[in-house]
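Pasting the structures here.
Two complexes are shown next, each including chain A; its partner changes from chain B in the first to chain C in the second.
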Partner chain A sequence: MMIRKRMRDGFSRWIMALFFRKKAVKIGIYGPPNAGKTTLANRIIHTFVDENEDVGVSTEVPHETRRVVRRGEVQIDLTAIPLQNPTTSNPNAKRNKAKLKLDVVDTPGLATKIDFRDFMAYGLEEEEAKRRAKEATEGVIEAIKWLDDIDGVLLLMDSTEDPYTQTNVVIIGNMEARRIPVIIAANKMDLPDSAPQRIKNAFPQHHVIPISALKGDNMELLYGEMAKTFK
Partner chain B sequence: MCLISKDKMESMASTEKLRFVLDGVKSGNIVVLEGGLTAEEQMKLIELTMIEVSDDFPGIEISGYPSKRGGFFNMRRKTRLTVVGPAQKMKTIKKGKDLISTIISSS
Partner chain C sequence: MHKCLKCGKKFGKMTEEMLRGCPECGGNLFLYVKNGEAIKAEDIVERVQVDERVELEPEEAQIESLRIMSPGVYELNLDALLEKKEVVMRIKDDGTYAIHLPSLFKKKRG
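Here is the complex of A and B:
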């Protein structure tokens, strides 16, 4: 009797999963070079998948990520994670119980200019700098092409820099034209020059969440907003 | 510097327009477009630029006033002015909703 009931329940779950399975949404992490896109992608994977798995490598040299990297089937479950930074989270606040299944798409930084001489300033030999510049241009093209396949965009901006750049304006304009939801994350809030309010003033029509992808500050807020906006 | 009228821009197809702008910039000109480019056109221009980046042409500097809503029920996005120049000659210093400050060098 018990076995028959379990089989029936299992079959029901299989049917439900077959017909009502929610597809993972593809979320592109976009932004200018050195905004912290790969650091954020790694943070998401460390939190929800495996703390030893990296999507990519972050360095101070711009265009470190020169190929789009997609990490599929990431289940964001806010009930399953401990508060990431108790000093910036309110322990008395009601925990967000949102869930979201997504594919994280880490993209190369968008730029209008890639000069191999800029890489030589970081100590690269001329040949290596030229190779990197060539790969970086291909990366920008790949990132732009991926916009056709994206369900939502996490636009990462460096909150220590002027946010009102043409690249940021163009990304937001394209998302608005395609009616793709966008969340702006004002990264590097842990740095003394950080001014997330500048980003809020520049793009008042969008949600802006100040975060530190490196330190993990405010990540719970960002995950909650992602679950709400991209579901 | 090339100042392109809105009429001239509207007489060209989108790809033709981008080719015209990029050719002008690669020749060393600052191209000012009355009426401006849409966000989608600007993204395509960045893509086209990346294909043509070389040792002598590192890319473009682009700046523009943000589009405004207008037309029937405010449904239409109205683009305004866009300025595009060679990255090695032009640098945007300050950009606001109605003001663009750039430095243009002759080198």
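Here is the complex of A and C:
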């Protein structure tokens, strides 16, 4: 009797775990072209999944990512995170036991105008540049349609640029209307012209975390904020 | 020469200082006049002819989410893309539109 009861309890626990398993949170990395979205997506995957796995290729040519790329089941475990840069590490990180299961969605850069001539400046032939412009336009529409499925947005901005653009204002306004939680990451803090304070001043109602996705600076702060906001 | 429209002082050459305003009075409107020509701002208004008034379309009236300006040049209306389900393209400025039906019928992703 005892054995049968134990088996039944174990079985119902397993069934419960199967049905009430916490679903992964879908996090979309959004932002203007060349903000560093793919670099950030790659860093998250390198840190928590596999050092050799890339979500996409990042280059200096804008609109390099022209399709939405989703990498499912990324386990963010702050207790296991290796310290990439001890000088910027958060002393509280060790005490922070937060864990978070994510689907990371890397999206094409949002822009209001796409002109093939901008690509020709990077040495692309006219035909190739026009094709890229068409794909980039499709990519923007796809990225926006994906918002219907997103649980949280990591809005990436280039902290060396003026943050007060139509694109940034429109995205933030829309996220607020949809009540999607947003974290702003002020990327490229390693560059001399970086001014994350400008972003903080422009959008004071949101958390702004200065990071360098390329160098790995302040990543623990960002992961900690993600674990808090997107839980 | 350049004439300050506020104090009327004339300058032979545009200097860098003048880009920040008239060195005399701080005014920032200058009129280019030929040497020896006596002219007032009111006269200039008479000279300017407006051929036709360009009607600007109010933003709410734009139904399109995407405007194709020429092959390879696109203008995206992020507001419309974010607010509306369907994708409406404006192909030319003569009022040709295209509606992307799959975007209207597509089921929500699971």
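By our rule, the second predicted complex is superposed on the first by the 209 of 231 C-alpha atoms of A that agree within 3 Å, B and C clash if a C-alpha of one lies under 4 Å from a C-alpha of the other, contacts with A are read in each partner's own complex, and residues count from 1 in each chain.
In this section, a contact is a pair of C-beta atoms (placed from the backbone, for glycine too) under 8 Å apart; a residue touches a chain by one contact, two chains touch by 3 or more.
Everything numeric here is computed off the predicted structure, so don't read it as measured data.
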item: Fit or clash - chain C, chain B, common chain A; value: clash
item: First (chain B), second (chain C), both or neither touched by A:Ile114; value: both
item: Which of chain B and chain C A:Ala133 touches, first, second, both or neither; value: both
item: Touching partner for A:Tyr164 - first (chain B), second (chain C), both, neither; value: first
item: Touching partner for A:Leu78 - first (chain B), second (chain C), both, neither; value: neither
item: Touching partner for A:Asn174 - first (chain B), second (chain C), both, neither; value: both
item: Partner chain in contact with A:Ala195 - chain B first, chain C second, else both or neither; value: neither
item: First, second, both or neither for A:Asp148, with chain B first and chain C second; value: second
item: Where chain A meets both chain C and chain B, residue numbers; value: 110-117, 130, 133, 137, 140-141, 144-145, 147, 166-167, 170-171, 174
item: Footprint of chain B on chain A - complex, ascending; value: 110-117, 130, 133, 137-138, 140-141, 144-145, 147, 164-167, 169-174, 176-177
item: Contacting residues of chain C [partner chain A, same complex]; value: 65-66, 71-79, 81-83, 87, 103, 108-109
item: Chain A residues within the chain C interface of the complex; value: 110-117, 126, 129-130, 133-134, 137, 140-141, 144-149, 166-167, 170-171, 174
item: Partner chain A, residues of chain B touching it in the complex; value: 38-40, 42-43, 46-47, 49-51, 53, 55, 58-64, 66-67, 77, 87-88, 92, 95-96
